[in-house]
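Before anything else, here's the structure in question.
For reference, chains read A, B, C and D in written order, and residue numbers begin at 1 within each chain.
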Amino acid sequence: MSNLEDLYREIILDHYRSPRNRGELPSPPAQRVEGFNPLCGDEIVVYLNIEDGVLTDIKLTGQGCSISQASSSMMSSAVKGKSLEQVRDAITSFKQLMTVHASTLQENGQPVEADLRSLGELAALQGVVKFPVRIKCATLAWNTLSQGLDDQLSN
Amino acid sequence: MSNLEDLYREIILDHYRSPRNRGELPSPPAQRVEGFNPLCGDEIVVYLNIEDGVLTDIKLTGQGCSISQASSSMMSSAVKGKSLEQVRDAITSFKQLMTVHASTLQENGQPVEADLRSLGELAALQGVVKFPVRIKCATLAWNTLSQGLDDQLSN
Amino acid sequence: MTSFDPHFVRRDIPLLERVINDHAITYLDSGATSLPPRCVIEAMTRYYELRHANVHRSVFQTASEATAAYEGARDLTARFINAPGGAEEVVFTKNTTESFNLLAKSWGWANLHDGDVVLLSEMEHHANIVPWFQLREERGIEVRFIPVTDEYRLDLSHLDELLNNVKLVSVTAMSNVLGTINPVRELAVAAHGVGALIAIDGAQSIAHGPTDVVDLDIDFLAFSAHKMLGPTGIGVFWTRAELLNEMPPFLGGGGMIADVRLDGYTPANGPTRFEAGTPPIAEAVGLGAAVRYLQGLGMANIDAHEENLTRDALQRLEDQFAGRVRVIGPNNVVNRGAVVSLDVEGVHAHDVAQVLDQFGVCVRPGHHCAKPLMRRFGLSATVRVSYGPYSLAQDTDVLLEALEHAVKMFG
Amino acid sequence: MTSFDPHFVRRDIPLLERVINDHAITYLDSGATSLPPRCVIEAMTRYYELRHANVHRSVFQTASEATAAYEGARDLTARFINAPGGAEEVVFTKNTTESFNLLAKSWGWANLHDGDVVLLSEMEHHANIVPWFQLREERGIEVRFIPVTDEYRLDLSHLDELLNNVKLVSVTAMSNVLGTINPVRELAVAAHGVGALIAIDGAQSIAHGPTDVVDLDIDFLAFSAHKMLGPTGIGVFWTRAELLNEMPPFLGGGGMIADVRLDGYTPANGPTRFEAGTPPIAEAVGLGAAVRYLQGLGMANIDAHEENLTRDALQRLEDQFAGRVRVIGPNNVVNRGAVVSLDVEGVHAHDVAQVLDQFGVCVRPGHHCAKPLMRRFGLSATVRVSYGPYSLAQDTDVLLEALEHAVKMFG
């Protein structure tokens, strides 16, 4: 079951059991973005407070598997209080982590290319790439956040 | 090539080369019915003069393979001047001939069940059943005629 | 009856020899797609090796053989469901979903107008919902739903009111989430009583027991080959010849026309009107082989076998997991098929399925394309276990053992 | 280039071992459907034996493998036609015909209105005519035809006028009757010049030479696997991602939605929006194998080989049958593919084909689903000879010998 333990690292289960930044923000002023994973039924709603180019607050509701829940919880911790530029960088780094093909992982499970340090505890999600079907679970929150930023821009 | 000779009997080639009752009838009063074989592109137009329950005249135009042409030519000879009842009987007998499954043909190529005598020279078309794809060629004219009688009834 | 033995069936299924994560495969996803026996696979292989040709269009030997094989499959399918008008009533589509689109976009488009009602149920698969929503957008029809009771059955207590202005009742014979088998004949009587027609989603029911459209007194039936030990890429749409011949064309192209001129076209008659383009020929051959195989097993035998498996599974889930795992579906085998949806306390379906996979157990987590039903029960996903004629009680053994692991891991 | 040898290809094709009426088969109907090599058949067999499962929906091992295989085929197909946006631009349909219906009923429905013109050509297959006629009935668009010259080429001398009010040009890259290869790039420039888009019917061209959608500068492409050594039951619709993402859904059901509520639904994005229901999974695997096989042969090699066969056939028909057999199509190999339609003086195509069958020669008689073209040339049917990568000049030997018999028999 070593693969499985790679997927379900303790920190992931922790975020799953005690999700951070759970809840809603009054909208407006907060921006509200919905995300679906049509294939497995995961749903997420992300609330964003953006002021002067800074993501001052973020809250999440929705339901999904441990991977999607943990990923969104970890994401919220990682981006809250960051400048939009930093948020975008985080999104890019995380997506890179998720597109590193499983075969380019080293024996010990470390991605060769993605810059893990910049990801902090999010790096724990790297085991997901060995389970291609689950990648969409891990990226749902991130795609929804990204969508929110785009919407913001076009308003 | 014995199969082929069974299909292309001399009398069939004769009707093909010199089709009987070819042409048009002024319509009205004649009834005009079109038939298509969508699969091979055969087309036929049948003109019917029906007076007092008798098919007093029939003419045909259209294009198609030797089987469809010969069958329509032979049909026109067989039904011209006949009472509608006789015409319907001929249609039924001919369709029976065409649905006798090839495997029920005797070695010498004689259908076991259909009443060949009533069919006259039309019986020459029995070789067609060995070539299932061609059955539609042979029945096109008959189906068109049958359609014409039905239309007549419903008018 | 007595000759049916799932162990013999298993020997015919190559995929059951598969090893997954060091475990023999435990395939419990027949509700999503079924495993074809060797004879089905070989029928298609032989077709491609010996007689592949385009159908209906040529006179040469292999083309006649291909046409005969294709039309032969239509005939076998017609007999399988007891189509009163025979092969002339059977249209080959690409799947159940296309069959419902054909129904909605051809028959529905021609016959339903502003204010007309299509009556579905809350337990329908999206295949029998979305095409009606599409028609609603274009035609202003009303789409109404028969509610589902807390016992996971259709709530027919207000059927009379629900039937008001209904022109078509379209329901599933068996829910792909709950396992519930609906009272099709009763619904047919009620529908016909108000002058409505009735369409049945046979996707789940087709492989699990006998289907007789005359006996059921229904007007339309849709199902897919891949759920009845057949191949992907082919589905069936059945309706009575009178109705079929009145339906306007749907997809346009070669094969479905009698004539095409620069100024218009004339559609062909019969099933080919709805089979535009080169049809799924090898797939029809595979479907025909699957029909023969199922008939060899005996649909009543399969029904009885799956009922036993379901009874056993329901009982053992109750014994071993009461309070930890909830069955989303009827808790007995009365009018119930071999689909068992589970809600595992505190563990998301996706995670359960992931752990099960480590034991070689194949189940399906998700909304099973029945989101309205999931919402009805406040769920976002279930773990669905589904059996086939090749399933054994031992499959349930492995399932339950793996389920213990999943529950512990996330507990 | 030098490594291509049709004799090697023949060894890969099981059907070429077939004996018909005591003759080795002479298969000259690749234009109707092509003969799959063993690797394509085996890829599907292996799929059913080892990893058959429903795609996109489950996390278990075989389901991931099936999904990877299915999506892998999408990727291979995208590369094969050089789709600029990759796999995200490739929709799997059931055949070319469905692809054109998708184009007309989704893009066309959303973008074409009363008075808008779709410009086809007189040499189109019904697949690229009937869907537009259907749209005309519903939307009042105009369908206009580029005429065909007596030399069997598109008559582009009045193209400017023809393009008036045109929103879409939709033409075949290669005629399935004449063999004519149309100047797609020139048409694309002209279409774009008036702000129109251009759709290409690649059904015939796809297997006969390289296809590069960027190079051709086209907007839509349709083709079928069964004409490129692949299986029945699957076709391809390609368009640029920007266009695809703006197209409204067509068939509704599972897999194509993001959400379904009782009051409506939200469609998914990307190709899956157009893939309702269980897709042709095994067929995609077969298509992927066919793409790889064709790439192994080299599309330019196939092109060159078929050009040689065509040159030889045209020459020998002229030498041996001048005055008795007329070639309906260009009489040289410039911009011409390996499809040779024959009009045999005084003998109907059906009868010719029947006699040829006695010699094991497979050709196709009929209107080839191109009735407007047949009418244009006052024909009701032709005998169509068409070659593939496994064809040999010896096939033409047998053909010509059999043709002599046919001519004599009816002479």
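Simple rule for what comes next: a residue touches a chain if its C-beta (ideal position, glycine included) is under 8 Å from a C-beta of that chain, and two chains touch if they have at least 3 such contacts.
Only a predicted model underlies this, so the values are computations on that prediction, with no experimental measurement involved.
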Note: chains that touch subunit B and subunit C both are D
Chain centres computed over CA atoms; the one at greatest distance from subunit B is chain A
Taking each chain's mean CA coordinate, subunit A and subunit B are separated, in whole Å, by 74
Whole-angstrom distance, CA centroid of subunit B to CA centroid of subunit D, is 36
Between subunit A and subunit D, the Cα-mean centres are separated in Å by 44
Expressed in whole Å, how far the mean CA point of subunit C lies from that of subunit D is 31
Two or more other chains are touched by the subunit C residues 57-59, 63, 255, 257, 259, 350, 354, 365-366, 371
Subunit A touches at least 2 other chains through residues 39-40, 131, 134
Per the touch rule, the subunit A residues reaching subunit C in their complex are 1, 3-4, 7-8, 13, 16, 39-43, 63-69, 131, 134, 137
The answer for subunit B against subunit C in the complex is residues 36, 38-40, 131-134
In the complex, the residues of subunit C that touch subunit D are 14-15, 18, 20-21, 25, 29, 32-33, 35-36, 40-41, 44-45, 48-54, 57-63, 94-98, 100-101, 104, 122, 125-127, 129-131, 133-134, 145, 224, 226, 231-235, 249, 251-257, 259-262, 264-265, 276-283, 350, 353-354, 356-357, 360-366, 369, 371-372, 375
Subunit D contacts subunit A in the complex at 56-59, 63-64, 67-68, 255, 257-259, 266, 268, 272
Listed in rising order, the residues of subunit C that touch subunit A in the complex are 348-351, 354-355, 358, 365-367, 371, 374, 380-381, 409-410
